[in-house]
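Before any comments, here is the structure.
Chains: A, B, C, D, E, F, G and H, in written order; residue numbering restarts at 1 for each.
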Amino acid sequence: MSYTVYLSGEIHSQWREEIKQGIQVLGLDILVLSPVTDHDASDAAGDVLGEEADNFWRDHKSSKVNLIRTQHMIDRADLAVIRFGDKYRQWNAAFDAGYCAALRTPYITLHSDELIHPLKEVDASAMAWAQTTDQVISLLQYILQD
Amino acid sequence: MSYTVYLSGEIHSQWREEIKQGIQVLGLDILVLSPVTDHDASDAAGDVLGEEADNFWRDHKSSKVNLIRTQHMIDRADLAVIRFGDKYRQWNAAFDAGYCAALRTPYITLHSDELIHPLKEVDASAMAWAQTTDQVISLLQYILQD
Amino acid sequence: MSYTVYLSGEIHSQWREEIKQGIQVLGLDILVLSPVTDHDASDAAGDVLGEEADNFWRDHKSSKVNLIRTQHMIDRADLAVIRFGDKYRQWNAAFDAGYCAALRTPYITLHSDELIHPLKEVDASAMAWAQTTDQVISLLQYILQD
Amino acid sequence: MSYTVYLSGEIHSQWREEIKQGIQVLGLDILVLSPVTDHDASDAAGDVLGEEADNFWRDHKSSKVNLIRTQHMIDRADLAVIRFGDKYRQWNAAFDAGYCAALRTPYITLHSDELIHPLKEVDASAMAWAQTTDQVISLLQYILQD
Amino acid sequence: MSYTVYLSGEIHSQWREEIKQGIQVLGLDILVLSPVTDHDASDAAGDVLGEEADNFWRDHKSSKVNLIRTQHMIDRADLAVIRFGDKYRQWNAAFDAGYCAALRTPYITLHSDELIHPLKEVDASAMAWAQTTDQVISLLQYILQD
Amino acid sequence: MSYTVYLSGEIHSQWREEIKQGIQVLGLDILVLSPVTDHDASDAAGDVLGEEADNFWRDHKSSKVNLIRTQHMIDRADLAVIRFGDKYRQWNAAFDAGYCAALRTPYITLHSDELIHPLKEVDASAMAWAQTTDQVISLLQYILQD
Amino acid sequence: MSYTVYLSGEIHSQWREEIKQGIQVLGLDILVLSPVTDHDASDAAGDVLGEEADNFWRDHKSSKVNLIRTQHMIDRADLAVIRFGDKYRQWNAAFDAGYCAALRTPYITLHSDELIHPLKEVDASAMAWAQTTDQVISLLQYILQD
Amino acid sequence: MSYTVYLSGEIHSQWREEIKQGIQVLGLDILVLSPVTDHDASDAAGDVLGEEADNFWRDHKSSKVNLIRTQHMIDRADLAVIRFGDKYRQWNAAFDAGYCAALRTPYITLHSDELIHPLKEVDASAMAWAQTTDQVISLLQYILQD
C-alpha cells in the first residue's frame, strides 16, 4: 500500500531526516512531504513578487506562497506528523493540526512530555502522541505492514 | 441579519467582555459564543468521568469534553474572532484558526503587532487582523449594517 | 444555546428516561430525540407496506423505515449518546457510532467497564466514555453552560 | 477496471484467504486491503508509545493506531466486505458498516442466516448480503466484467 | 419533531391532496412542498423571459425556472415521496429520485405493482415502496411519533 | 415557503430598489440581502484597521472585510440575482457567479442583450437570464407560489 | 489529458459500439465504462445470492448488485453520456442523470428530437444534447484536444 | 511532487507559452492545462450539435461544451493561474476565480498594477498577485522544490 506522509512543524532540529532515514532502512513505500525548511528562504518566499515596506505585508505574502505548497501537501497526505519543539511559538504547527482535524486527515503529534498541558487540545484530536522519531517510525511500519 | 460570532483564545484578559459590551451598546443582532473561560473548570471538565492517575489522560479527557462544546460552536458560527495575548503558548487558539480555515469559517485575528511574525501563517488565512477590540466592534457594525 | 441530543442503543432499560429527567430538573435547553423504543412496533414498522413470507425481507423493510427516522435524527443532532447494555448483540448501536464518526457528529458512549475491550474501536472515536446517566447529565450541563 | 476491496470483521476464520484465492484464480484486478488480523499484535499496536497501567487507555491507544490504518483503507476502498461470525461481539465490524454507510462506500455483508435479525439495520444499508465466500467472489467477478 | 416532505412526480391525479389531507387529519407537524402542478403554467414558466421560436429552448428555459423551485425544495426536504403513475414518461420523477439518492435525501416511491420491473433501479435506492397514499400516511405517522 | 435572495453586482443604478419594491407589492416572503452599496464606504471598509500607504493593500484589506459580509450572504442565500450594467469592469459580479456555480447556489443574471457574448460563460451556468427587474420579480412570484 | 466516460442508458442498440469505435479511430485517451448490457445477465445479477419467490425482491437484489458497479463507474467518470431510445421506460437512465446532476458530474444526453418535451428536465441539467453518436464523438475530440 | 496547473484567462497574448517554456527550462514536473485558446473554435464549440438562429443560444451551447473541458481541468488542478489583460471584459476569468475560491483551489492572479482596483475582490481570495510570467515561474519553482 503506497502512502504519503506530511511532516509539519519544527525546522531547527533533525527530526525529519531521522524519520526519512528510518523509512529508508525499513524499505517502506512512503512519499514524504515537507514545507520549505530553510527559514530565510521561507520568510522570503514572496519577495520575488515585489518588496514590501511593511513587515506585516511581507510576512503575509510569503506565508500565502508557502500555503500554496503546504496546504496542497496536507490535502494529498494520508497522515501528518506534527512536531513541536521547546523553542519558538510554533503556531503554524498548531494551525496545521487544526486544519488536519477539520479535514479528517489523521495526524500524530511528536513532542516531549513537558508540553502535554499546553498541547492538550492538539493532542485530543490526534491519533497518537509520540515522544521520539523511533516511535513514529515504528508506527509507520505497523500501519503499512501487509 | 442575525449572526453568530465565536470568540476563541486568550482567557486571562477582558477582551470578550469588551466585545460583548460593544455589541450591546450598538444593538447588533449577534449571538456571542465562547469556550468555558474558567481555567480550572476547563481543566477539570472530564473529572466527572473518573479520576486519572496520569496527567496526559486527565488532560485528554477534559480536552475532548471541551471540544464537544467548542467545535459545535465553531460549526455554527458565521465568524470567529481569535485572540492571541502575550503570555502562554495558546496553541489551542492557533488550532481553532486552522480548523476554521479548513472549514471555510471566516475568522479575524486579534493581537498586538509584536506577534506579527510568529502568527504570519495564522494571519495569512484570516479575513482581517485587528489590534483592539474597538476595531473588532467596528468591523462587526460594518458587516451587519442594513 | 439550543442543542439537540440523539439517544441511540439499548431499549430494555430506563436510561433514556433518566437522562430526560436530569435535563428537565436542570432546565437545560435540549431537544432529545430517540428511535422508536417499542421493540414489537419497531420490528413491525414495514408491515403496513405488505406482509413478507421471508423474515429477511420483513426485517429489511422495517429497518429501512426505521432508518428514515433515525438517520434524520442523527443528521440533525449536535451530539449522540450511544448506550451499550450487557444483553443482545446491539450491532445497530455500533453502526450508529460508525455513522456518527464518519459524519463528524460527536458522540459519547455509555457502558459498564466490562465492555471496555469489545468496544475499544467504538470508544476510540468517541468524545467521552460515561458509565452512568448521571455522568452524561453532568457533561450536558457543563457543555451548555453560559 | 482496477478496483480496491476492504475486508472488515472476523479475524478467527479463513474467509479472507478464501476471497483472496478466488480473486487470484479468476485473475481479477483487485487490490485487497485488510486490518492487522494478528489479534495480539493488534491489541498491542499502541504499546510502542509507552505502557499503560489502565486497560482502557491501552485499548484506546491501540485502537487509534489501528484506525489510522483501517479508516485510510476504507477511504480508498471502492467496496467493503464486512464479515460477522458467530462468536464475539464484533462491534468494530458494525462500526465499519456505519462508517461506510455515512461515506457512501458500498458494502456487502457476509454472515449466516442465524444473524439476520440482529444484523437487520446493518443489512438494510448494505448493497448485498452473502452467506458464503463463493458468493462474494461471484459478485466481484460479475461487477468487474468487461 | 418538525419535518419537511417533498412530493415529486405525477401531476394528473389527486395523490398529493390525499397525503395532505391525511397529514391534516392526524395533526402531523409536516411542511409539504410540491412542484408547480398546473401543467400549462409549468410549461410556460420561462415565457416571461421572452418568446422562443424553437421548442427545445422554450422547454429548456421553463425547466430551469422550475428547477430553481424544485431543487431548492429537495435540498430542504427531510424526505421525498416520488409518485409514478401509469401514463407518460415521467422521466423528471426518476431524475428527482437519482438526485435524492446522490444527496442522501431519503425517498419513498409510490407506484402500482405493475411498475416493479421498470422501476427496479429507482426502488433499489428508495427507503420504502408504497402502493397507496394510505400507506405513505401511515409511514409518516410512524416516523414522526414521539 | 420562506426564501432568501442575494442581489450581487452593479451599485450605480436603482435595480435593487425596484426588486425590493416588487417583492413588497406582491407580499412575497423573501429576505433580500445585498453588499454594502455605498461605493466610498465599501472602499474604506478596512481603514478602521489602520491606514495603508500602498493602494494594493488598502484594497486588499477592504475587500476581505467586504467578503466576510458577502460570502456569508451567498452562503445563506437560496438564490442570487447578479446584475451587470454597461459601465465598469464588474469583475466582482462575475466572481460571485463563479462562486455560486461551484457551491451550487442557483443564480439569475440580469443584463441587456448587448452583453450576451462577453457574459456567455456566466450565463451558461445560470438558471435564467433576465433583462428587466420586472422579469426577475415575475420569476420570484412564480417560484414562490403555493 | 486522460479521461473517463460512462455510457448510461439504452442497451438494445449499437450506440456504445459506435462511440467506442469513434474514440479508437481518433486515438483519444479515454477509458470507456458501461453497465452490464446483457439484459438477462443484468436481471439475474443477484440470483447467486439465493432465489427469491417474490419478483420485487429478485429485482431489488439484482439492482443493488448492478448499482455497486454503475455508481462506482459514475463516481469515477469525468463525463457521462446518457442515451434515451424510443422504447421502454428507461427510468434508470433518468435516475443516472439526476444522480450525475447532484454530484456535479457533467453529462451529455443522446436522444432524438421526438423526446425533447418529456426529457426537458433531464436536458436542463445536461451540458449538451446530441442526436447522433457522431456528434458525441466530435464533442469528445474537441474537449480533449491539446 | 507531480503537480497540475490550470492557466485561465486572456487568450490574445503569449503568456501561456512563456510559462510553459519556463517550466520546461527548469525541468519542473508540472502538467499544464488550458482552455481551447483558438477564439473562433471556442465560439463554435457547440455548432456541431446543430445551428442556432439566436446568438444567445449559440453562445450558450458553445459555452457549456467549453465548460465540460474547463471545469474538469479546474477540478483536477492543484493551482490555477488567472490572467487579466487590458482588453475585453474577461468575465470568464473572474468567473473561474470565484469558482476556484469556492472549491478552495488556490489561484494566482497575473495582471498589471493598473487593474488593482477593479480586481480587488478577485485578488482578495488569491494566494498571490504576479505582474509578470517570470514571477509565476519563480513561484512554481519555489513551491515545487524538494
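Quick notes
The rule we apply is simple: a contact is a pair of C-beta atoms (placed from the backbone, for glycine too) under 8 Å apart; a residue touches a chain by one contact, two chains touch by 3 or more.
On a predicted model such as this, the values are computed, not experimentally measured, just so you know.
Common neighbours of chain D and chain E, listed by label, are C, G.
The interface of G-H is repeated, with over half of its contact pairs matching by residue number, by B-F among B-F, E-G or C-G.
Separation between the centroids of chain B and chain D, computed from CA atoms only, is 40 Å.
With centres defined as mean CA coordinates, chain G is found 37 Å away from chain F.
Centroids built from CA atoms put chain C at 31 Å from chain B.
Multi-chain contact residues of chain A (touching two or more other chains) are listed as 64, 67, 129. Taken in their complex, chain D has these residues touching chain A: 33, 36, 41, 45-46, 48-50, 61, 64-65, 67-69, 71-73. Listed in rising order, the residues of chain C touching chain B in the complex are 1, 3, 78-79, 106, 108, 127-131, 135, 138-139, 142-145. Those residues of chain E that touch chain G in the complex are listed here as 55-56, 59-60, 62-64, 66-67, 84, 88-103, 113, 115-125, 129. Listed in rising order, the residues of chain G touching chain C in the complex are 52-54, 57.
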